[in-house]
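A, B, C, D and E label the chains in the order they appear, each numbered from 1.
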């Protein structure tokens, strides 16, 4: 079953001409897809289209996940400055009607999972860049959404935190099987987390190609050092390089 | 000659207790230093202290680079929304008294160098995350500063753009020999670009250790695959891991 | 202060700005008549009538030489200036009776002003420093009766117990015309209120510089007033309606009729002394009343406030 | 379709309101001098149209000049003041004093300063005094609302006070200055009317006179007709400024 | 040291200004009825201190109540209106009309509604009308100034109109609402005085009567003494609100 899809979408912003597309992408229920591509190619735009935050200039967008079933992590943290970390994370739960006390309990637990135990009471302005981004991630995960759209969620994080969180997201996926699309600039991360990696070309980004990652999910220990992993990562890097060369 | 230094600095933010330190770091004229450490350890704070944007709660900060000789790239792009990319980059030049036309010419050239030819007229709100960050980087480079402080300048960029820009910064360094301190989460990037990698511990970050990178600068082709590179990167990763374990 | 720098106008006549106390209306008719019939011009005056309004302070204009002459509405205005030693003198009084009235609903048993005791009374700010002093003195009214009057009779009509101040030709007419109610009207002057109305005041600077112009103005205005009450007024009325488009021939005729009926201009001393006359005796009477109420110190040199030297010769 | 509903519904709502008012006046037999019925107001407005239009034009043009004057002076003063904290602390209480000074109280003096021969000058000065404060306060607040990190960058680049002002604080203040103008425009209009009440005597043709004279003559419907015109002008000016604000903010934000 | 200079300098500047005024009055022999000297104003203020204090207290307390009333009503109306675009488009012109209505013009009618026996009610209502608009406009502008990406998130999470309002728009509007209150406070004060001029008889003790009576009696210095008190109250209220604004904004920004 297709949870969300883009079909031949193009996006134009005023007189700056076409920014993205034509581009197609289809997300099947429960799959994890990574979206990679050079800076400015249209990855964030594709995510926004899938979330229904914007409409395409041409082409069609479909979405089976209803309101309140989709979670999004923007490229920037996008937190409410007047709310504490806990309250920011509790927000989507409270919006869905959960009692404040329970929502905050769950929010605290989610903050603990992203390594922010101790920063629950801090305001966004008091957090470091990586911490704010993790609050944003916790907010997206806490609602157990059917469709999870993540825009470079780990870009501001160090390697160790990054790997821990990647495994965390995979564990969560194991539990509730959401459909996950995430943007990353880290090819190894893409291959490690996704079942399928979609690459875009620069400029007005179109599909550069895609690679299916074989292997069990969640990844077994030492997966990153396997031959298959190396080969797929290599292939994705090549896709990006040829896409860039063609543009 | 020491261009800037932190000596036993500690930073406390109100009742949240100590955020950083005690931490010491000294930058010699013309050297390139990479600062790595887990999210929230105090890297951005250290940069702000060195730039003189904040004062430490305890300890001393010295700086030999005068006003207008220091450039900073914040972790977030921090562009003026009402100025085009060109005007944002031309700003420090114009503030230093350069004629508008010349400043804008240089700004356009700088934008070209970070791969943004064609986006000169765009406003920050019309740029992708990575593009905005590159404008911010161009703004920092355009003044040929004596002291260059970069806070995760390449975090939002794809691998290829990232490497190109790293080489660009090294080429610039080759020309004017500024002192460069840059924060990164990418250990390989740290080792590739820096002569010295300083690692911090989590929590209120203190020094976890530092490693000197041997080898010529700018890096010869294939440097990333040399044994020395691999070994140093390994050592830095270990520093981070033990620092984390100790905390 | 932009005092009259050039006191001769291009016509070669003496410039004389005369500030009235309200928008152009019948009660200013004499001045407009003198203007319309050329009485001023004939005497070498280039008179410009500047209309006033509820917040225009003629004493301020006069004492700062912003105008040469202005209208004094009642004796309080004049004596206040004496108290503050303003360089202004009153030179003629064209209304022997002040046209201030009190108005009451016809069917609440108010037969005399004395019956108004205890009734809420709408008075403008200025009246509170004026006629109210006299009303308190004569009838023992108390401050808790006071309500603000904004020159709208709405609040009066809304509440039958309310009484209010008025201008002889204005409010009673308005109330009758718009609300179909014939109110009880009491002219203060007919109940012993000693103040003059519609006086001509001149700044000391102007008196010193052009005493003849002052005399000429008083003379011409007196002729204008007589003429306005008895002769053809079309030209003057046209001037009034040009200055104040809200005025109607109807209203003007009504005002003229009342001024004649009540002898506003031509009664009392005017019968003998001519239109515009003032007497020391009358001024003293007013001063005694007001200082008796503590409004002015007993030793105030109230005579400094006016001068009789510009009054026209008594008609033979 | 949606759009048409959006356009028509507010008008319907207003019509309903006015209808209710009319009905109340008729059914409860409210005297026209207490609260005139909309129909009566309309009749007067039509009857007096030429005179009203002339008066409205007078008031509007004076209010406009007053707004421009207030905008320029308050802008310049806010600039001057934001160059020096000391100056700001000295000037702010004075400006607030000016704001809380009832123009009715100072009208006589302003009248003299402006010269009796120029009542329109007095009216414009007084209306400008009324409109002054929101722009000044907005500019000051806005200049302090600059992104603190951008401010730090300016310091780092060795920007002078003047450069920080012109290149950072002024652009940053735009949203607040626009809001200030939206408030000030209405104040200039009502300020012009009150100033006409207070300082113009009979010499200046404006709506104040229409209103006052009508109230004095108990022709409340006529006064309301003038107030109606005033309200329409106010709403139009506000709508125009709102449009300008949206445009300028879109430019400012870059999208 | 720096701090002391910062504190003292503005006072010195003000003193200089007042000194210059005094000197001008004395040297140029300016008549007290053209512009009274500061010393004369001060003398009057001291002489009348008890009465002035009483009057000032009356005006201040009514202005305060008016501000609270205006704040509550405009806040609630802004809320209601921002729940429905249609309502907003219907209400906005009405509110602007109210803003541009000179209270002098509607004073007689408000007087009737409030009852001739309750002039203080009329004063408070009229002052609230004057103070209403900046808060309303600020709240509306502020509610639209929410971070568009946060707004998108709310939509994505299926937030209801009411939730978006209470949890996003209201908090987002706080900086603009505070600015609105700073402007409105002064307007409430001057509005109270004008309303006293227009609708309060001898029964209401306030500064307006002090001013008006002094002007009628041609005691300009005395009138200026009352204006001085008014100015001091205005500056004090503004300073207090500025302090509150800084505190609240620091809380709001989280640093």
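In the analysis below, a residue touches a chain if its C-beta (ideal position, glycine included) is under 8 Å from a C-beta of that chain, and two chains touch if they have at least 3 such contacts.
Protein identities per chain, from UniProt: A, B = NitT/TauT family transport system ATP-binding protein; D, E = NitT/TauT family transport system permease protein.
Quantities reported herein were computed from a predicted structural model and do not represent experimental measurements.
Student: Through how few touching steps can subunit A be joined to subunit C?
Tutor: When the steps are counted carefully, the minimum from subunit A to subunit C is 2.
Student: Look at all chain centres (mean of CA atoms) and spot the one farthest from the centre of subunit A.
Tutor: Comparing chain centres, C lies farthest from subunit A.
Student: Hey, which pair has more contacts between C-betas, C-E or A-E?
Tutor: C-E
Student: Would you kindly tell me how far, in whole Å, the mean C-alpha position of subunit D lies from that of subunit B?
Tutor: Centre separation, subunit B to subunit D: 50 Å.
Student: How big is the gap, in whole Å, between where the Cα atoms of subunit D centre and where those of subunit E centre?
Tutor: That pair's centroid distance is 15 Å.
Student: Centroid of subunit C to centroid of subunit D, CA atoms only: how many Å?
Tutor: Their C-alpha centroids are separated by 36 Å.
Student: Mind pulling the subunit D residues that touch 2 or more other chains?
Tutor: Only 34, 104, 108-109, 112, 197, 212, 215, 220 qualify.
Student: Which residues of subunit A are in contact with two or more other chains?
Tutor: Residue numbers touching two or more other chains: 76, 122, 126.
Student: In subunit C, what residues contact two or more other chains?
Tutor: Expected reply: 1, 57, 60, 64, 150, 152, 154, 158.
Student: All pairs of touching chains?
Tutor: Every pair of chains in contact is listed here: A-B, A-E, B-D, C-D, C-E, D-E.
Student: Spell out the part of subunit E that touches subunit D in their complex, as residue ranges.
Tutor: Interface residues on subunit E, with respect to subunit D: 5-6, 9-11, 13-14, 17, 34-35, 85-87, 89-90, 92-94, 96-97, 99-102, 104-106, 108-109, 112, 133-134, 137-138, 141, 145, 175-176, 179-180, 182-183, 186-187, 189-190, 193-194, 197, 208, 211-212, 215, 220, 223, 227, 230-235, 238-239.
Student: Could you please specify the touching residues of subunit C with respect to subunit E in the complex?
Tutor: 1, 57, 59-60, 63-64, 80-81, 83-84, 86, 120, 122-123, 125-126, 128-130, 143-144, 146-148, 150, 152, 154-155, 158-159, 162
Student: Under the stated contact criterion, what part of subunit E meets subunit A in this complex?
Tutor: 147, 149-150, 152-159, 163, 167-168, 171, 174, 251-255
Student: Sort out for me which residues of subunit B touch subunit A in the complex.
Tutor: Residues of subunit B touching subunit A: 13, 16, 36-40, 43-44, 75-76, 115, 119, 122, 126-131, 134, 151-152, 155-162, 185-187, 237, 240-241, 244.
Student: What does subunit C use to touch subunit D in their complex?
Tutor: That would be residues 1-2, 17, 19, 23-24, 50-57, 60-61, 64, 66-67, 150-154, 157-158, 170, 174-175, 177-179, 243-246 of subunit C.
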